[in-house]
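Two complexes follow with chain A in common, the first pairing it with chain B and the second with chain C.
Right after this comes the complex of A and B.
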């Protein structure tokens, strides 16, 4: 009796495993090394991004120094250009909310918008504030500088006057310095950590558990796309989460002409990480894309990059000033959102299923 | 005639007593583990909204008092284990445990359903006949009980395995090795076997096929004396293996211990006398009555009906059109375990029916991530949540509220597809046992064929 069962079982298994190798890819070992993927992310993306962010912020401080030495519209426009350059790098850094960045909650000090103008004004008026306070997350970072460089007065001359002849000029200057210093400090700490021990922690933590670096980073990557790019830059201002559009909630609202290009920058950052492109370079390494390919999900990988391209085309068709775009032709902006939305499904449903990322849920029996 | 003689057959009371103790102890541990993991708070206190089973909308957690419910349930399990006031204890356990499982269907697991059924069955069984505080206090114990009482538990276990096996006889499981392929591929981080064995195509198929054959054969292997040992060895190996691979909690242990009821009574008698030797406290002497007798045949008949229902209930999916794995109509309560890797994304749109103004909902405002995950690919969840959102925004002062969903679902490695008709106002749809015609048909090129 026993023998018969065993024989039957063996025959069936052997029969099937032989026939199965005829169709479909056979005998593949897992030749995808996740550590290589993590190393590519760490060495060719995270490290250079934070180094660049730090450098750009130091440049911003230097430019603001020269403006203070020789305050005029020329030096001031250099400050604003430097601010925009740093803001663009931020779009890349925002993906890496892991390790030190997560610990320091870096987003809170870099890019909570819309800025609360009353808080900024009040902080400057009183001269006493703590940028670590949770009340002031929306009164610092790039959005606060956006307001202080572009929106604090009606004309450029008046804005420059705030830092020169205004009764409170010293406080205005101090506030800008403090905001830059806060960002620089955080960027430096994160950069140092990547250049220190964290790099190896990150690369070696390639298992499939809820807390492993790979799983966390995949989740961060998707969160950045869904929340920071899709929702914050488009969904909220176009009115997809409210009854009416809220164009004043666009990124870089006061600078006006940069909101679209910052979004494009963010999309480039996402695409770069997905396809494993080195930051600021053209070479590519192991990535989510090559990982999907190794799982025979070529179609999915292509769909995702195609969808990024469709979104890019749609965003490119918008006015550089998203505030204006939403006010004049919101339909066009809604279409950009819809294109971004389509990739969310591909990333969140299809890619996560392919990776079978472990998430910290409770017991499951798979149903 | 056969029925009558079968009903009167008697057998040692030890296996059922052993089962009672083991079941009680494991249940008590499960409750403690649940609490210890912080799941009472996470699953039943923190969420703002709970998904109800149709007809059980009145079953809700009690806020912080929910802890008391778990205390009550754990105590009842303990009393079942020691066999004190057994009938009251097992009724209390059945009611409290089932209540807990009905509070939020997000947490539905087949093994919880199994526990509810077994504890219901045990209400009618003389599991305290021997080796129990009850028998000590009444100073009477029964050495023999009707054979059918033990058989009913064996039958329940047999159904679980056999039906789980039948459910695996489908083309996805057998010919695509799905969903095991997805799951095993992702176990690359297991020591020794993760990076080689787990990645082999043949291994995924071998696991799928042996899993199906295993489920179908186990009840019979355990039933016959000659194959019992190999059957039990397979049970242990299989469940330990699944425990390593998947986060399935206490289920493997419960099944390993429960299948011991198939052993010869001499085994359970030995265990009990061993325990009595080791712990003098248990070594009480009472008057020993030979046979436990039911006063009438009502109970065995009732159990017969119960078993019949168990045999038929999992087939109810045949009454629904469409692909079972896609619509999930008749999917639960049918021993369909680990059959699907299904994930979804459901984006709800609140529309003013008059002005056509709309906005999207951030699910995180209302659901926990676990609830959102479960909701995203199950139509009854989607409908219930749509109604919740409709009520919420109506109460918030929105006019002419209509609720639509853009839902995409991926099943067993297929590309994600539109799941729910995005043009249907779900706020106007009612929950019922009828087919939900707003679920879009499963139209992937790779069909699922099978039982």
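Right after this comes the complex of A and C.
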């Protein structure tokens, strides 16, 4: 009996003295097999995403072919729908800025906005331009098509006329084709690379150094979240980095009605990668979430998914047209930014600490 | 058997005590005589960005009293863009620093609260605009209830330039910035572990990895930047206080109140010891000093609110101009309460809504023209209670 009391009290003593060990190693050794996570990313996300992006861009070209054969508002609306479908897939692809995508600087050819309209107009007027030139990163990709399909003239009929009866119609058509071709070429090269040797390079590079696949990818993932989703889609247009709001800097500014939903698509993509969901599917595999769980960081994993949900709820409360939202009630848009920002610390500090991975980029906001 | 259990309990409590008792490690850090830190024979202290912002602030608040200024000129001084000729000092013009970008902009309070941050920044914009549109055109009009203009203190005293409600917008801006810029950046940004320890700062400081092309570690620099918001225009090694019109001046004022004498040394000593602790890589001591600074600086803001409201109370019936001047300073300091930090909760001492409520109450109806002494006492008592001093201590 006495012995049992002593044993109990000893346990208590140990338990108390353990309470100060929060700062030390957690005691959960990292036995997680990073290569299974990398394989899930490669096979169930990157590969199908780039295959889909390529297919959507090919569809866009086909729709633009049809429009040129039979130019009318019906065939033109199919072009625009196809553009939007491809733009949504881009939101997913943007996370994978690694390997060939990084080498080709794919973002520069897909989604630099706001588009510089003067450059697009001038390129079309002269008919001579090099889309590889850094001068024209902001005159191509989805933003250039946004302008050319939705903003190049006041009415839809006038926009269609640019490709049909305008004195420069041939150049307008050629520019659209060239922009689509550039994106298709890059998507194809990236897709081919994932289907070729890169997949195994990626999966087998499972160590923990600055150049290991997971170290790089998780940084890309966070960068995409912090910069492309949080800052570009919300922070900049709501005015968090300027003296006044800059609503004209929203994504898909000319199409107007898609800016919110593209942001939601981006958030879904982030959440899908975080939780290991196969692209376009419902099954899940090894992921950042299962990695955290394997380290007994269940609460952190839950906090992250809950925070994504809060951000989704807040974004959903906005007008589909973020330009209009910022002009009428910017507070509501700022609150969406705030919900997105709350996940940054969870991802960038807490999650990376758990994975023992360093951040390879820093915000430049110091003095 | 009982004895064994008691003995074990005693042992258990002993080990609880020893677990939580790490105060004795403090003695391992010794602060230097002054805020002077060197590496390889040259100083490792740097806070030029803070000095620049304080100097911008000085020119800005002077310009707020120049009725020939346009709103665009004042906005340019508040939200300076590098290269614009907003200031008389060329080095300020070439600087890429801006007051506005660091207004209500701390990591801890506003990085996930930009909705409120934007509202707070916009208040300053609104006060600037109102100074130009309401007060400047009435510079020579005599102010009265509901009429903006000038009003002179009794006995041939100073002339004050007030809104239709009696508020000096320049005072709201000046005293509001003490909280929104200096206090917020110091307490809730640079002294915060979220900034001091971000990215690889701890590892770098532990191994003396210096910032690129600098003579300091990033953590040392962050601490210095907190220091710079109070000492940026003062002598760091022999501070005189009152060196600028912002926090420095009001630390001096509170220090000169016998009830709070010693508070400036308390702050300075904590800055010194905290900086020495970073050099000694002792982050517990560092964090303790951060909390000492947070408590003292927060208290200074609250003391100044109560001081001005009580001063105003005394002259409200007999000398409106003097009372309005005190109330305007108090108004700005109330706004600054939004940025103080309670070290037990790591948030403000009072909820934002209550602080806003004070400001709304003071501006209700005809504002200072019909505010009552009861209102001033109610606000004073509430603030003194929350911040831990008495109205009487602050009032003189």
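Assume the second predicted complex is superposed on the first by the 326 of 367 C-alpha atoms of A that agree within 3 Å, B and C clash if a C-alpha of one lies under 4 Å from a C-alpha of the other, contacts with A are read in each partner's own complex, and residues count from 1 in each chain.
The rule is simple: contacts are C-beta pairs under 8 Å (C-beta built on N, C-alpha and C of every residue); 3 or more make two chains touch, one makes a residue touch a chain.
Being a predicted model, the structure only gives us computed values, none of them experimental.
When the two complexes are overlaid on their common chain A, residue A:353 makes contact with chain B while staying clear of chain C.
When chain A is checked against chain B and against chain C, the one touching more of its residues turns out to be B. Once the two complexes are laid over each other on the shared chain, residue contacts for A:130 go to neither chain B nor chain C. Looking at the shared chain after the overlay, A:330 reaches chain C, while chain B stays out of its contact range.
Judged by the touch definition given at the top, the superposed model places A:238 against chain C, while chain B stays out of reach.
Comparing the two complexes, residues 1-2, 5-6, 9, 12-13, 16-17, 20, 239-240, 243, 341, 345, 349, 358-359, 362, 367 of chain A contact chain B in one case and chain C in the other.
Interface residues of chain B facing chain A in the complex, by the touch rule stated above, are 37, 39, 42-43, 107-111, 177, 179, 182-183, 185-189, 194-196, 198-202, 205-206, 209-210, 213, 217, 221, 224, 226-227, 230, 246-251, 331-332, 336-341, 343-345, 347, 352, 357, 359-362, 369-370, 373, 398, 408-410, 413, 415-416. Note for the complex: chain A touches chain C at residues 1-2, 5-6, 9-10, 12-13, 16-17, 19-20, 238-240, 243, 330-331, 334-335, 337-339, 341-342, 345, 349, 358-359, 362, 367. Residue ranges on chain A touching chain B, taken from their complex, read 1-2, 5-6, 8-9, 12-13, 16-17, 20-21, 24-30, 34, 206-209, 212, 231, 235, 239-244, 295, 299-300, 303, 341, 344-346, 348-350, 352-359, 361-367.
Chain contact summary for the complex, chain C toward chain A: residues 1, 4-5, 8-9, 11-12, 15-16, 18-20, 49-50, 75, 79, 97, 100, 111-115, 118-119, 194, 198-200, 225.
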